[in-house]
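In the two assemblies presented below, chain A is common to both, partnered first by chain B and then by chain C.
Now for the complex of A and B:
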C-alpha cells in the first residue's frame, strides 16, 4: 500500500516538476521572442539611422565608433539599424504566410475530415504530393519563375506550410466526427458549416496554434535561406539572410556584419521553438503532432 | 583492489590503442597528405573563375574565362600572349598585301589530338562555318557578326597557305583571329558535340567538362610546341564572391580572379599568396534602354551621370584600385583611348536641374538589372549607385540576374529588357572597334539615340589608315560623351590572388591560361 502511495506521489512530483520546467521553457521562449520582435517592430522609433543611408567615407567602421554602436557595413550603413530593420521582412513574410497556411489547412482539414470520401482522398493526396517536395526547393523554383517580391515569398512559404496544418486538423476532425455530440448534431439536422464552426473549430484550435508556431520557425529559416542565396527581397532592403551572406566575406575584418544578424535570427528561432514546445506540452498534443505531422 | 588496478590498466592500454587508431594514425596520414596536398601540387594547377563555362565551341562566347579554356584546347591562327602582344600560333606568318586581303602561312605538321592534320582546308572550313549565320545562329549571338559582315571569302591556296578577302579594310583582323580557334569539323561531322567536347590541338586536351562546377584539362601529347609546365589543370567555377574568397583563404586554388576589392584585405596577411589588381579592359557603365522614356531624353541621361559620385565608390568599394572613367567606354588598354575627355563631376544640384529640364522634376522609377557576382564588387556597386540615384529622386528597383540570363536579355528584345543595366563589357581583342560596336543602334539597349553614331561607326569600319581610324574613334567617343549615351562609371580592377609557388602574369584582358603559368623559381 505504502509502495503504491510512494509511486503515486513520485509520479505526481515528476509531473509537477515537468510542468514547472515546461512553464520556465515557455517564459524563456516568450522572453527571447519579445527581445527580438519588439525592437524589430519599433525599429523606425529606435533605430539610430536609416538602414539604407550610405556613408562611403566610413565603410566597415568598428563597433562603438562615430556613433555607430555595432559599426558600419561595406557601404557605410549603420549595422544596428540594419539588424533592427532586417527582421521586418522575415517577420512580415512568415506571419502572413503561416496565417494563410493555417486558414487553408484548417478549412481543408475540417472539410476533409468531416465529409470523408473522395474529397478527403483528393485533398489528402494533394497534400502528400506537396509534402514530398522540399519547401526550399519549391521556393527556389517558384521564385525563379515568378521573381522575388513580398507577395511571392508569402505564397511560397504558405504553400510549403499548409499540408502540416491540414493533416493535423484532418486527423482530429476524423475522431471528432465519431463523437456523440457531433452525431447528435448531425441527427438534429444542424447544417454542416455550423457543426464545423461550433464543434470542430474550438477543438482543433490548440493543435493549430502549436503547428503554426512550429511552421513559424521553419518559415523563418526558409526566408533566411532565400535571402542568403540572394533570392530574397530587393538586394538593398535589410534582410537577415542577405546580411549574413554579404557579411561572411568580412569575418576577418568586421565579424559583426555576419554575426549580428545571425544572433538575432538564432534568438528568434530559439524563442519560437521553446514557445512551440511549451504550447505542445500545455495542450498535450505532442503525440497527435507526431501522428499527424 | 588488484582487480580494479588491472581493469584500469587494461582500460588505459585500450584507450592508448583507441587514441592511436582513431586519432594519431589519421593525423599522421593527414599530415603526410597535407604536405603534398592543397592546391599547389607539383605539376597540377587549379584556377578559380567567377563564371560558368557553358560552351567549348569557339563559335559561342560567354566570357573571357570560357575563351581562356577554349584557347588552350584549340589553336588559332594568331594568339595574344601574356604581355598582350600579337604572336603567331597556327600561322607562322601573315601579310596584308591589300587593304582587304590577308594571307596566312600555316605551321607544318600540326595535328588534332586524334592525328587528323590541320591544313588550309581545315581553316577554310572553320571560317566558312563562322561566316554561315544559320550554322552558328543558336550559339553565336552577335559574337561572329563582324566576321559574317566583313569576310567576303576564304581560299585555301595550298596546304599551308590561306587567303582571306574582306569586304572592308580591317587593320586589326589578325588580332581578331586570335579569339577564333580552329576545331576539327570532321570530328564534329562524326556526331561529336563541339560545345561539350574537344578534339584538341592546343597545349591541353579535355579530361572532363562540368560547365557549372569544374573543367579539367591535361597536357596534350599531340601539341606541336613545348609541353606546358603544368600537366593537369582544373578550372573551378566559383560564382559567389564568398566562395572565391574562401577558396583563396583555404589555398584550394592556386589562382583566383575577380575577388571583391574589399575582400582582398582578408588575404593580404597570407604569406603564401600574391594579392593585387590590374586595370582591366572592362569598364563599368550603366546602359540605358533608350528604346523607352525617359532614357530617350539626353537631359535625363546627363542628370544621372552627374548624380553618381564615382570617386566615392572607387575610393571605398574599390579600395582605390581604380578611378572614375574619363567619360567614355575606352581606357588605357585601348589604342583609341580619348585623353581629351574628362569624367562627369558629382553635382547633385546640376543633376536635379537636368531632371527638371528633362521633364522629370520629381524623379522617376526605374529598373536596373545586373549580373550578380559576375564582376568584382558588382553587388555592392549597384546598391551604392541605387542609393545615390535615390538622393536625386530616382527610385531604382534592383534586379539581380545570373550571367546567362543577363546575356540573353542583352541579346533579346529591347521591350523585354529592364530600363537600364549595369555592364562591364570588353571585346576579345581589346580593340576600339570591338568595344564601340556595342553602342551602335543595332544593339538591344541603344535604339537610334544618335544616327550620326551609326554613320561614324560605319566609316570607322572602312578606315584604311591608322590616322583615319584614330580620328573617327576620337569623334565617336566625343559624341558618346556629349550625348551621355551611358552612365560612365569606372574601369573594373581585375583582382587576383595567386599562390607564390606559381609564376603567372594577369593581363588586362583577363585571359587566364594555364600554359602562361609556371612553377615559381
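Now for the complex of A and C:
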C-alpha cells in the first residue's frame, strides 16, 4: 500500500512542479522583455551619449575605454547609446503594426465566422492570398516602391500579420456561432453587433493575445531584416538591423558592433516567445493554435 | 468472484485531495448483475474505474482491497495486476462513438483486443471477430468488419464495444452508463444483449447507472452510492420496494414515472441541494445536510445495519415501515396543484405549424460533380399549439423533434409550409416583425453548461435580451433580481459566473433568461435531461409553478417519457420527421393507437409488458415509402408500403389523431413480444 501512497505524493509533486515551471517561464519571459524594453523606452534618460554624436578621433574604441561602456563604432559614436536608441524604431513599428493587425483580424474574423456565406468566402480567399506571399518579400517590394517611413513600415508589417489573427478568430467564431449561449442571444433578439461584442470578443480574446505575441516576434525579425538589408527608416537613425549589417563589415576589428544589437534583439525575442508560450499554456490553447494557424 | 473491501480512492486536484471513494465494500458473483446508482459526483464511476484499473493519472487507490478470483489486485505488482485485469475484466463506456477510434475499422479494433493465441492467423482472427459480433447481435457481421465507426449508429457502436469488451472472455463486465447516450428503444436492445451474455457466459456485470428504473428492472442486487459511500445495498426488489436509507427513498420519489397516473395533480418530491464536496465531506451521515429528517445524532456516523435478507443500510432514521408517516410529514411541502385547466378552458391555437418541412443539404454538387444529398429533418408536420397547454413532443433521436423546437423559436427557417403565430405568418416577415414575434416564443436549452456565456456574470446573461428590447438600466436590474427570485436563485448568485454554479442553478438561470422577455410560449428542448434526477425534480416543479403563475404555454421536447407524462397535457409522437400520433397524455400512455407509440412505451424500463422494438430508425435521406414506420412494424402489410397513412381521429375517450392504416384498438395493447 505504501507504494500507492508514494505514487499519490509523487503525483502531487509533479503537478506542483508543472505549475511552478510554467509560472517561472512567464516570469523569465517578462523579465527578459522588461530588461530590453524598459531601457529602450527610457533611452533618452539613460543613454550616456547622443546616439548620433560623431567623434572621429575615437573610432572603434574597445569596451570600457574613455567612458564608453561598450566602446564606440566605426564613426566614434557610443555603442551603448546606439543599442538603446536602436530598439525604438523596431518596438514602435511592431507594436503599432501588431495592434493594427489584431484589430483588423479580429473584426474581419468575427464577422466572417458569424455571418458565413459569401462575405466569409471573400475575406478568407483574400487572407489566403496574403498568406501565400512571403511577408519579407512583400515588404521589400512595397518599401522599394513607397519608400521607407514609419507609416509604411507599420503598414507593411501589419499586412503580413493580419491573416494569422483572422484565421484563428474566424475558426473560433465558427464554433462559437453554434454554441447554445449564442443561440440563446439570437432567440432573445440581441442584435448581431451586440452578440459579436458581448459574446464573441471576450471569448476569442485569449487566443488573440497569444497570436499577437507570435506576430510580435515575427514582426521584430522582419523589421530587423529590413534594417539589415538597408530598407530601414533612415541611415542615420539607429536601428538594430542596420547596426548588425554595418557591424558585420567590422567583425574582424570589433565584434561587439554586430553582437551587441544582436544580443538585445535575441533577448527580446526570447522574452516574447516565453511569454507567448506561457500565455498559450495558461489559456490552454495550444491545440486551437495548431488548428487555426 | 469479485470482492471489494473497504476500498478508498483519492483524486488529487488543484483544490485538494478528493476522497472520491471512501471505504466501499461490495461483492459480485458470476452470472450476477449488480447495479450501482446515485447522483453524479457520488463516486460511482470512480469506484468502477478503480476496479477496472482505469483511474485518471491524478487518481489512485489509497487503501482497501479489490479481490478478483482470490487475488488482490491492489497488492499485485503493477504489470501482474494489469495482465489479470486485461484477462478478466471487460469495460463498456457511456459514449460508444467516442470510445472507438475513428481511423480504425471495426474489425481491426476487435482484433487488437483479442488474446494473442486468437491472433495467430488473420483468417482465424476475423472468424473470432465475426463470432463476437454475432454474439452481441450485430446483423451481417462479416460486412461490418471493414466498416468504420462513423458508419455505425449509436446502438451498433455500443454492440461493437461490448464485443471488444468480450474479446478475451472476461468474467466481469463493467458497464458505465452503457445506454445513457442511447434512445430508449436501443437501450432495451443493448440491455437485452447484456442480459443474454450474462446468462450464457456466466458474466458478472457491474452496471453503473443513474436510472433507477433501469437498474430495478435489470439488476439482481443494487448498491446506492452517496458521497463516496455505499448508503444502501440489497436485492433490487427489496431495496426499491422497501427503501430504508433516506437518500434511496428520496431518489425514488424524485423520478417521475411513466407508469404512475395522476399526472398534473402531484408534485415531485425533490431532494434539495447537491452532493457535498468530497475534499471535505461533512462529518457523520453525509446525506444529513440535504435530508428532511436529519436530527442531532445524524452528525455522528451511522452504523451499517444488516438485515437478515442481506439488505444493508447506513441511516439513523430509516424510512421503510415509516413510509406512510413520512408522506404525511412531507405534506406541507406539497403545494396544491390545480393541474391543467380542463379541455374546455383551452383557448385558440397560439401557434400553428402547417405542412412544415425542413431539409438540410448534406452535400452539394461542386462544379456539377457529385450528387446533392438532402436530409429531411421535418417532412410535413402540422401541429397546433393551444394557449395554456403543455404539449410534449417525443420520439427517438433523429426524428426531428429538436428541429421543430428550432423552427418554433426561429433559429431555423422552414423550407416549406408555414409557421403562424396568432394567425400571422412568421417566416416571410421583415426584420422588425421577426423580432416582435420571436420575443413571445423563447427557448430553454438542454445543456446548462454550454447555454451560458462563461465570460459573463449570470445577471448580465439574464439582462441581455432586456437591454436590447430598450429597457432602462435600473429597471432592467430590478427586473433581473425579480426574475432570479422567481426561479429560485438565492441572492448573490446572480453576481457569479457560470463556472461557480451547479447544474441546477445554471438551468434556473437559463429559465430566467427565457422568461425575461415575458414570453407566451416556452419551448423546452430536453431541458432536464442533462440533470440528475433529484435536480430534475426541482426544475420540473419550478416549470409547473411558473406555468401556473404566468399562464405560460409549454412545448416540452423530451426523450424521457416519464418527464413528458408528468409535465404535459397533450403529446405528439414523432417518427422520422412526421407526427404519427397526437392525443391527450393519459390516452397516449394508457391506450396508444400507433404501433410506434406502443413500442416506445414498451421499451421503457419497468413496463410489465416489456417488449423490444427491433432495428433502428432509418436514414432521413431515403425514408421508406408509404408509412415510414413500416420497416420496424410487425403489423405492416403491403398497403403500408404503398399508401402513406393520413391523420385520422381516434375514437373513444380523450381522442387525438393517429396516422396508421391499422391503429391499435384499446383492448389490443402492445403488438410486440
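The rule is short, and it goes like this: the second predicted complex is superposed on the first by the 277 of 293 C-alpha atoms of A that agree within 3 Å, B and C clash if a C-alpha of one lies under 4 Å from a C-alpha of the other, contacts with A are read in each partner's own complex, and residues count from 1 in each chain.
In the analysis below, contacts are C-beta pairs under 8 Å (C-beta built on N, C-alpha and C of every residue); 3 or more make two chains touch, one makes a residue touch a chain.
Since we're looking at a predicted model, the values are computed, not measured.
Asker: Check the residue A:183 against both partner chains and state whether it touches chain B (first), chain C (second), both, or neither.
Answerer: So A:183 only meets chain C here.
Asker: Under the stated touch criterion, which partner chain does A:46 make contact with: chain B (first), chain C (second), both, or neither?
Answerer: Neither partner.
Asker: Using the superposition on chain A described above, determine whether A:203 touches chain B (first), chain C (second), both, or neither.
Answerer: Only chain C; A:203 stays clear of chain B.
Asker: Of the partners chain B and chain C, which touch A:246 in the superposed model: first, second, both, neither?
Answerer: So A:246 only meets chain B here.
Asker: Output check: A:75 vs chain B and chain C. Expected answer is one of first, second, both, neither. What do you get?
Answerer: Touch partner of A:75: chain B, not chain C.
Asker: For A:56, decide between first (touching chain B), second (touching chain C), both and neither.
Answerer: first
Asker: Between chain B (first) and chain C (second), which, if any, makes contact with A:38: first, second, both or neither?
Answerer: neither
Asker: Any idea which chain A residues touch chain B in the complex?
Answerer: Residue positions touching the partner: 52-54, 56-57, 59-60, 74-76, 230, 234-236, 245-246, 248-253.
Asker: Give the list of chain C residues in touch with chain A in this complex.
Answerer: 10, 12, 14, 17, 57-58, 60-63, 74-75, 409-411, 435, 438-439, 442-443, 445-447, 450-456, 461, 464-465, 468-469, 510, 513-514, 516-517
Asker: For chain B, which residues count as touching chain A in their complex?
Answerer: 241-242, 245, 260, 262-263, 265-266, 309, 312-313, 315-317, 372, 379-380, 382-384, 386-388, 390, 397-398, 400
Asker: Per the contact definition, I'd like the list of chain A residues that touch chain C in the complex.
Answerer: 1, 4-5, 7-8, 11-12, 15, 179-181, 183-191, 194, 198-199, 202-203
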